[in-house]
Structure formats: structure tokens, C-alpha cells
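Presented below are the structures under discussion, each in the form of C-alpha cells.
Paired with chain B in one complex and with chain C in the other, chain A is shared by the two complexes that follow.
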Partner chain A sequence: MEHESLKQEPEKKTKSKESDNVIKNILSWVINNIKFLLIPASRLDDLTSREREYEMKISKRKFIRRLKSTLTILGIAIIFFIVTLAVFAPWFSLYSFEHLAGVHTGMWDPPSPEHPLGQTTLGRDILGRIIYGARASLTIALPAISFSLVFGVIFGVIAGFYGGWSESIIMRIMDVFLAFPGLILAMVFIAIWGQHIEYIMIAYGIIGIPYYSRLIRGSVIQARELPYVQAAKVAGASNWRIMFKHILPNCIQPVIISFTFDIGGIILSLAGLSFLGFSDPQLIEWGNDIADARMHLYDAPWGAMWPGIMILITVLGFMLFGDGLRDALDPRLRNL
Partner chain B sequence: MSLIKYIVRRFIALLPVLFGVLTLTFVLSRFMPGDPVLAFLGDRFTTEQYNFQLHRLGLDKPIIEQYFIYLGDLFTGQWGVSVSINKGQPVWDLVLDRFTRTFDIAIMAIIISAIVGIKTGIISATNRNKPKDTIFRGMALVGVAIPVFWMGMILRLVFSYYIPLFPGLNYKSPGIGDPPIITNFRVIDSILSGQIYLIIDYLYHLILPVFCLSFISLASVVRQTRSSMLEVLEQDYVRTARAKGCKEEDVINIHARKNAMIPVVTVIGMSFGGLLGGAILTETTFNLNGVGALVMIAIRNTDYWVLNAVVFVITLTFVMVNLGADLIYGLIDPRIRY
Partner chain C sequence: MTLTEKKEIIEENRKNQMKSAIKEDSNLLLQVKNLKTYFYTEEGIVKAVDGVSFNIFKNEVLGLVGETGCGKSVTALSILRLVRSPGEIIEGSIEFNNVNLLELSEEEMRSHRGNDITMIFQDPLNSLNPVILAGDQVAEVFLLHQEEELNKIIDVRLLERDKLVQELKELKKEFKENKEQLSETEKEEFKVKIKDLKKKIPKAPNLKDVALEKAEQIIKEVGIADAKQILKRYPHELSGGMRQRIMIAMGLSCTPLLLIADEPTTALDVTIQAQILDLMKNLQKKFDTSILMITHDLGIIAELCDRVAVMYSGNIVEYATAEDLFKNPRHPYTQGLIGAIPSVEKKDTKLTVIRGMVPNLIYPPSGCRFHPRCTERLEICDKIKPRFLEINDRYFIACHLFDPEYKESPKYQWDETESEESYKV
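After this line comes the complex of A and B, so read on.
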């Protein structure tokens, strides 16, 4: 018995080392890709070290300079603010989560020292609810859009690379989903699955897929014929390797730009869905609060005002950042 | 002649998409929990009544057979009757009556945002990176970041409650009747029946909704106009025009603008889909009683037939507007032949 256990130990060690290596590899891959996207010339290995250093300095400065417009910095500041609000909501809010979801006295009470922004129908504190609302919006928007990004990119790359019947099948299905009115599609999905936060995420994830696959398919079709792809083919790389290691890193830029924009868009449509009463009514979410306040617009304007301002600020932050990112990365505007 | 051929070809290319949308609606609506027969009968009914209605609506057949009957019915124009809103009313009467209102605000909003957006985009392109440019772009972004329903509520609060300038709710003043239904479009019907005051009243009610809806596509029009104008202003023929001594406004309005418009038209067409979604939200805010309220009731009561007609009519409009955008290319750029 002892002998066996002694034998097993070194194996375990090597296994953990391997998994460490895998994690390290993945991390370095991610970092390299981010570097590649953000810093032009970061992958030019055939430069001499001095040239490379110089190139890196120049390109870094270029990117930062391009990103350094007032509006972009404002956008970054807003995103930072909203994320801080979401992460540290219990510290900022005067009331606990349970209190904000409970029923209290004080229906539509105007702002008072205890409730700085007033109270809702059920006497809940509006300030607390808009702080916690940041959590709901971000936790729905980010997974949903990542879902559509991943699947959209996979479908788009396959359609663009293989062409032929696989392209026509995928793109016809995507066309149908694109032509289908998005808001109604979301409402129908929610009606089928039920009003829960996970289902809202998946519904929006599915709705976003065709946009990304369209976006990436166009650039894949262009890249397919380029010499480096032909070279990889000649070298005997498999189709999957060509698609996801050679073509994808060169085509992902427009998708990254669109991603930042779409976070804002999805927060907006999510609020719209809640406004129509099709999201989880238990959720502390800005759209739900606006829908609540709709019937009391004239006698309690504070109920609708603050959640709307929060939506406006959040979406604006993501859009400003996306706009700046596009200006910095778009090759057509780079030299203007 | 080639234009007609082109339109026909585009129509044929559209058919699979429309077919796919109809199929998707069928599949999704059959997955919805709930029973349209219960929605039709209400609370009190006997088993016999239930079975009779189930048979009458064709829901007792196997699902595949239902699908083919459904497709056949679509071709013969029998889109069914509503089971939830006005029980027994043919869906087309219901949907067209409501949809034309949604369509009116959407089309007015897209026209306004196109005009204003192109003007603003050109101004910010010619003043690139100056304060004017930053202010216009920032304002356009604020416009797209505002949730349209919330903006509607604030407009109602300010311009119809605090300062009673515009009506805040509904699409007609109380006590004002409807024109006889000829085309279902309120404006056209009023003209045909000679009741001009109806048009004035109607448009007066639509000012706030259209204003707030036009912000949805404004930002994308401004952004696209700006970037394609910037691209065109770098071209050689613009430099030639300047060199030969054209006035700067002629260079922009005659030489540059037309050449920059094609991507803008595409963007306007594509943003119409989002605009129709926004129209559903806006009309809910302003109680315009359009297609949005209809589709919500239809989904809540699993009214397959109404949902189907609404989805079809919205899809068709979206697709048609994009076809129209493609045809406008030919007007802008005579080099494009179909």
C-alpha cells in the first residue's frame, strides 16, 4: 500500500504542474491578444530589439493619444463609476437588499432625510434601488452579450470560411432572426421560458448572435483569400487551426468595438423589456422601477426620474468608450 | 425595365426570409405556455364547449398537420380571428388599424432623424475636432443613450403637465371621431373624407412621440454621415473642386455630400428595425394604442393569430424599408444600375 501511494505522488505533482502551465498559457494568450489589439506592432518579432523598442514606444503613445479625447475619458470614468456602484452596492446603499425588496409604509413619499430620493409604491428607498439596479443591468448585459459574441463569432467564422451550403444555411437562419422584430422575439422567449434573470440573459444572447456573425463573416470572407491563410494551408494546418488561430485574431477588431457599444444597447433594451413588464418583477432593476412609476408620473415624478438618469448615464458611458475605441482602432480614420 | 426586374428579383430573394419568419413564429407560438381556447372562453365553460372551440380553431390536430394548414391558410388569406382582444374579429382588421399608427410615428421619426442627422453630421465633419463637433457628437450619443420610454415620460411631465403645450396621452382629442376606414391610415382617410381638422388634431398629438422616437436613429445617422463625409473630403475631386475655386459650401453640398450619402442611406434603412421596437415602447408611454399594446395582450393570452399577423406586418415593413433604401442608391448615384 505504502509503495503505491509513494508512486502516485510524483504523478500528481506533474499533473498540477501541467494544469499550471495550461493556465499560464491561456493567460499569456489572452494578454498577448489584448496587447496585439491595443498596441500595434506588438507582434513584430523580426525587428531588431532597438527597432522593436522604438516601435512599441511610438505605437503605445499613438494608441493612448488617440484614446485621449475628453469624451472617451468621460466614458471610462462613467463605466468605472457604475462598476464601483455595482460591486460595492451594500456599502453605498443606506438599506439592505432585503429591505429594498420588502414592503414598507410610505407610498410615493417625497424625498426626506431618511430617503434622499423618495420612496416607491411599496415604500422602498429609491436611492438604494438605483444603486442595486446597477448590479442587475451589468449582470444581465455582460453574460448575454458574451454569449452572443462567442456563438456569433463561431457561426460567422464557419460560414465565412467554408462558404457554400454551410454558409447559405447559417446565413439564411441568421437573416430570419435579423428580420424578426427583436423586442417581440425577446417578449416571446420570456413568455415561453418564464420571467427569470437567466432566461432574460439567454434570450438576449440569442437575439445578438446574428449581428456578430454577420459582422465577422464579412471580414472572414476578405481574409480567406489573403496570402497568410494560403501559406497556413500549404503548411498543412487544419481548417480549425486556420479559422481560429490565423483568421480570427485578424478579424476580431470590429467585433471588439461593437461589443462595447452593444453593452450599452443591451442595457437599454433590457430596460425597455422591464418597462413593458416582461422581465423578472422581483428584480431590483431600473426598468422595473420606471414601469412602477409610470402610473404615478404626475404626482411622484421622482419615482421615474432617477432610474432613468442612471440608465442614461450607464449607456452613455459605454457608448462614449466604444466611440473612442473605434476612433482609435478604425484604420480608415487613423491617418485623418 | 431593369429596375422592375431588380425589384422582382429582390422580392423573390425575400420570400425565404418571410417564410422563415412565419415558421419561426409558428414554432415559438406553439411553445408558449397557455391555451388560446381558455383565453377565448373566459372563466365559465363546459367540456363540450371547450372541445368544440378546440376543434373550430384547429388545435386538436397533430402539430405537423396544424403547420401545413397554417401555411395553406396564409396563402388563401385566412389569417384567423382574434381570440383575446376583440373576440371573433379578423386579425387583419385589428392589426392594420393598430399598426398604421405605429407605422406613422416610425416613418415620421425616421424622416426627421434623417434630415436632422445628415445636417448635423455634415456640420461636425466640416468642423472636425472643434468644439462644435464634440458638442454635436456628444448630443447625438446622449440622444441614443436615453431610454426612449423614459424620455417620453419626462416630455409628458414637462410639456403637458407643468407647461400644458402638447397633449400627453392618446392619439386624438376626446370627442373627436374617426374618419371612415378606407386605407387604415388616419391621415389618408381624413384627406379622402375631407376632414382636415382630424389630420391637424392627429399630428398635434404625435409631436411628442415622434420627437422622442427620432432620437433612436439620430446618433447612428450623425456618426455615419460624419465619417463618410470625412472620407469623401479627402478625395482628389474635392481637392480639384477647391483648387478651381469653388465656394466651400458648394464643395460640400454639390461635390461631397452626394458621394457620402450611400452608407448613410444603408444605416438609415438598418436602423428602422430598432425604430419599430422603439415605437412599441413610445406608444406604450403615450398610450397611443398601437401595435405594442396589441402584441403584449396577444403574448399574455397566447393569441397565436394576432401575434403572427403582428410579427409578419412588422417584418414586412422592415424588409420593405430596406428595399426602398437600396432603390434610393440609384437616385443618389446614377452610376449604380440594377
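After this line comes the complex of A and C, so read on.
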């Protein structure tokens, strides 16, 4: 209730003054307290929770603050830019998807008002293709990496927690997967099942599993000996509950960091695969474009340059963000 | 009579003695019989607990004292069946309310843990999960063991809520029907009524909220005033004493029959220690819980415990009421322990020290395990393991000095140079 009285205070005071000031005061109060109005805790009856929010607000040691290094912000901005391009591709592009995948006149034409970044070998608009290319990169990279994250974490936690023969079996299978180079396995998958985007995703997803399971297994082995795990056992929690509710949240941090790094890596290897001609030719994809333009580097440099720049900044963006995230999450680097 | 025959007879005697020592009692809560927990390490078999027997009655505080590494904590973990590999309980029985815990399946054991038997650990700073809110951790115990009761509470509340909702509906209906006939003031009154009723109707309760409410109650119980705030704190935002209180709250949340406290105050400073001990004393009376207090601090034992079991090198050597034991300690080891407490009066005199070192548990000394360090040692001591005898009412001791059978045995003469050396070591 105290909170409500606070809310009414400025109104009461201003009633005596002129009517202009009333609105002004109310507005300024709302602007000053907008954070408290938006967070759910401030609507609680007791004031203390609001006070706590305030303390947290003025406290300088915050996660967001530690994320605020220039390079990290640059990384976030790049990711935001790429994601925006991917999501709103039809709005940014001057041509439709069908047009960009069709055959037109104007082979390797230089930039012109109709085609700001020039045209490709079949007269397709390069600007439109690099905008739609963001879609392909993200739609392959994110599911693939999520697939390997989920299964890698599950296998890693089980192996780390139980130890013994279950650990040996899981980790040896992981070692076998680790022996396959990702690019070559993807090529094999494509050779078997044809050039479909789904198989590329699955290939990269499977290749990522052992990295995540190894990463998390190490942390789980460390964490399972800690007193709080013993305490959870004493409280009567089941093994699965201990694994995924008590241990996993304590070990997930390196995985999150690795996740952001690996998105860049997957985009890069996807471009490599396309460059070698192993991806769906119908797909509008940066690597495809570079592969097309590699014979014409001298007479039409724009053909390879722009997709190349897009790959560069996308990977750079994810890497910078991952770097910043690691700095922010790692307690040993808290001198920021 | 050959030596082996004699040994057999003695062993049998010992077992019989043990049976009589642990008398049948309706008040009996936990009965540990001849518990043996061994660790199969690469260096050999570590006999951490080697034939321990004791019992805990309802509403009793039993203290378990001993040096570091004498098997106190392993005994506690054995009761909860949480001994980690390579440790193994190889013999004995642990009867809790006439159920042998060692014969239960893991699933059944889990329903006992946290519910009937709980444990508080030495290190409150690390025993709480750093990434889970304190309130959630306490609430988890309720969710694990008292789901039915929580559901009952929810049902009752839902009924109440339904009533209020029904009332509100009727009021609104009435308002709509009579809208045209009412005057302005009456309308206002109606609106105020509806508003009040709306405020009265609580949110639909869910399982976690109810568990959190219960957690808040129990946290208040352990002496934290602003419990509502503490619920939303992470463990690193709490002080050591607070964390130990939260641990105690977690332990007591399902009103267990037995609480095992493994050196609960070791990591805390003295004033907080006193508070925590006070709290445990009060809560023990309030919740009718038995406590197994594991400690090496004899002060805590004197303060809190009804009875004391002194452990040495995997065996219980003396087991008596706290009063008897402190007034008149009989076993040489207990005498040594009590003599080693520093005090202001004895400032000028040298502290009494028990000679020698804690024995290696892989190759324990033959006979009485204390004989290499014992000042009162008899000739027989290194040959035959002492029996666990009841020499007074509920006063058990494992020492040849008090065994009538070996009264005649001559006293062992310590080689003075040897003892000097052992002091140096």
C-alpha cells in the first residue's frame, strides 16, 4: 500500500499549483519511475522489494554493465543487423526471391541504379542475394548448433554424472565422431541423400555433439563432488533432478559461450561447403555466390566481394559477442 | 585351549554382549548394529567404520565425538546410505523405526532421505546450490516429499476462491438488473463493493507458490526475520550464519524424525555458533526430532547432548550419558580428550597430549586399537580386542581395564625412550 501512496504523492502536491504543472509533474514522475512501473515486483504490497530493485539499479556491478565494452556492443549490433536482414529480407530487397533465383539478362554487369551492387552471372541482383543469404546462413546455423547443444549437453551430463561404464561407452562413441572431419562428413551425407538443406543441418549438428559433451562432462565431473550435490541427495532428490536441476545450471556457462562462437564457425563452414559446390544450388547463399564469382575476380570483383564481406562481418559479430559474453560471465575477469 | 578357539569364544561373547547392550525399547528410533563400512582403495582396505553399534531414542540428542578421520562422518553417511564408491557397507544393520535401511531399494531410501532422516553439513558456504534461489531450495524439499499435503492446501484454497468468485458474479448480476432503479450514490456503493470483492479474490494457487509459503514459514522458524526477502536471495547474498540457518530449515522442513548434524558449527564464528546451537536446541524440542550430533568439540557435546559416543579409529570406545562421561571419564582415550581441552586455569601447566598419532586405518593396530597410545596399557591390550561391556546402567565401554576377565593382566611397561620419540613424532 505504501507504494500506492508514493504514486499519489506528486499528484496531491501539484493540485494546489497551476494545472499545467500537474501534467508536467505526473509525466516526470512516470518517466523517473518507469522502470518500477514495468517490473512486476514493484506492484507488490511491500516497499522493500521495490527498494531492492532500486539498489540493484544503482549498483554498478551488473551483468549488463560488464557486457558494455565497445567490441561487445559492436558484436551485438552486427548480430542485430544480420538478424534484421534475415527476418525482413523481402522489405529490404528490391527483388523477390523468385526473381533473385531466376535467369535474367546482364551477366556480371557493374553496379547500376537498378542493381546497386551489380549483377551475377545469370543477371541476378547481388544486393538482393546477400540480403536473402543471411536467411540461409542463420536458418542452417541455428538449428544445427542447437541440435548439437541439446544432445551434447544431455550425453555429457549423463556421462559425467554416472561415470563408470556408461561414461566409457558415451565418450568412446563421441571420440569416434570426433575422428570425422565435419566438412567431409557433410559431403558424405550430401552424396548419400542429395543436396538438401536438412541434411547439411543434421551433418553439422552431429559433428558438434562431441565438442559440447566433452565440454560439459568436465564441468559435471567437477561439480558432482561438491557439497551442494550431496545436500541435494540428502534432501531426497532423484538422480535426474540432481543432474539437470542442480548440476547443469552450474556448468552451462562455458557451453553458452561456445554456442555463440560456434554459430560463426558453422556459418563459415557452410560457406565453405557451398564454395565447394556441395550445397543446394537453388539456395540463395553467400558461399554459392562466391563460388560462382571466383572465376571472375578480375573482371567482376563485386561478385565475390560483397558476399565475402557479409560472411566476414557475420562471423566477426558472433565472435565478438561470444568474447564479450565470456568476459562478462567469467568471474576471474571481473576487473572490467 | 588353543588361541584360535579362545578367540572364537571371545568373539561370540562379544556379540552376545552387544545384543544385550542394545535392549529392546519402544522408544527406540535408530538402531545401528555392528556396522562395517570399508573403502576399497588401491593401497588397501580402509576400515573406516569397523563394527559400530549404537542406538538413538526418540527426542534424544546423541553426540558422536572423535578425532579427525576416526569414521564419524562415514558412520553418518552410512546411515543415509550415501557412502561414495569405493566405499561400501559390508556388514551390519541399520534399523530405523524397525525397518532395515540397508535392505531397502534406492527408490524407497530416497523417500526416507529428506523426509524422515536429514543431514546438515559442515560447510554451509558450499552446501547450498549457488544458482538456485534460497527459497526455491527450501521449497524443493516440500515439493519432493509433501506433494499430497500441498495439493490438499490448494484444494481448500480453490474452494474458498470459488465461493468468492460466485459471490462476485451474483453481485454483478444484481447490479446489472437494478442499474436503472438505483440512484447515483447507490451505484457508487455497488461499485466500491465490487472493487473490494475483486481485491479479496486471491490468485489461483499453484504448487510452487504454496511450497514457497511453507518455506517462508520454516525460514521464519529458524530465526530469520525478513523471510520473504530471503526467499528471493541467492546463497552468495547471505552470510555464513544465514546459510547454515537455511540448511537447518531445509533439514527440518519435513519435520524429520532424525537429524544428523555433521559438525554444523565448524565453519562459523563463536557468536554465530552459540546462536545456531541455541536454535538447534529449541527446534529439537519443538519438532520432537532426534539429533545425531557429530563433532570434535566437547563443548558442544556438553551443551547439547543427552548421551555421548566416543569414537576412536572406527570403533566406539565409550558410550554413556553426557553427565556421567564428563564427570567421570573412564576410557583412557576419553580421559585424554577431556584433558586436552585448554582452559585458563591450566594456563601454566603443559597441555596433556595423547601420545602418538592417529593409526593408519588400512593396517589398524592389533587388539585394542588405542593400545599404542594408551598410558594405562595392559599386557593383554595388543593381543585381544576388548569387549563392548555395560559396566553401569547404560554405560558401555570397550576397554580391558574394566573387563573383569583381564583383571589379573599385568600392566605394560612403557619404554621411556620410545614414548619420548613418539612425542616428537
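By our rule, the second predicted complex is superposed on the first by the 273 of 336 C-alpha atoms of A that agree within 3 Å, B and C clash if a C-alpha of one lies under 4 Å from a C-alpha of the other, contacts with A are read in each partner's own complex, and residues count from 1 in each chain.
Assume a residue touches a chain if its C-beta (ideal position, glycine included) is under 8 Å from a C-beta of that chain, and two chains touch if they have at least 3 such contacts.
Since the structure is predicted, the reported quantities are computational estimates derived from the model, not experimental observations.
Colleague: Under the superposition described at the top, does placing chain B and chain C together on chain A give a clash or a fit?
Modeller: Fit.
Colleague: Is A:123 touching anything from chain B or chain C once the two structures are fitted on A? First, second, both or neither.
Modeller: A:123: touches no partner chain.
Colleague: Does chain A have more residues touched by chain B or by chain C?
Modeller: The larger set of chain A residues in touch belongs to B.
Colleague: So, A:106: does it touch chain B (first), chain C (second), both, or neither?
Modeller: A:106: touches no partner chain.
Colleague: Is A:232 touching anything from chain B or chain C once the two structures are fitted on A? First, second, both or neither.
Modeller: second
Colleague: A:143 contacts which: chain B (first), chain C (second), both, neither?
Modeller: neither
Colleague: Based on the superposed arrangement, let me know which partner A:254 touches: chain B (first), chain C (second), both, or neither?
Modeller: Neither: A:254 stays clear of chain B and chain C.
Colleague: State whether A:218 touches chain B only (first), chain C only (second), both chains, or neither.
Modeller: After superposing on A, A:218 lies clear of both chain B and chain C.
Colleague: In whole Å, what is the nearest CA distance you get between chain B and chain C after the fit?
Modeller: Closest C-alpha pair between chain B and chain C: 21 Å.
Colleague: What residues of chain A sit close enough to touch chain C in their complex?
Modeller: Residues 46, 48-49, 52, 226-228, 230-238, 245-246, 249-250.
Colleague: What does chain B use to touch chain A in their complex?
Modeller: Checking each residue of chain B against chain A gives 16-18, 20-21, 24-25, 28-29, 31-33, 128, 134, 137-138, 141-142, 144-151, 153-154, 156-157, 161, 219, 223, 227, 230-231, 234, 273-274, 276-278, 280-281, 284-285, 292, 295-296, 299-300, 302, 307, 310-311, 314-315, 318-319.
Colleague: Considering only the defined contacts, which chain C positions touch chain A in the complex?
Modeller: 80, 82, 110-115, 118-119, 121, 123, 126-132, 140-141, 144-145, 226, 228-229, 232, 247, 250
Colleague: For a test of understanding, state which residues of chain A touch chain B in their complex under the given definition.
Modeller: 69-71, 172-173, 175-185, 187-189, 191-192, 264, 268-269, 271-272, 275-277, 287, 290, 294, 297-298, 301, 304-305, 307-308, 311-312, 315-316, 319-320, 323, 332-333, 336
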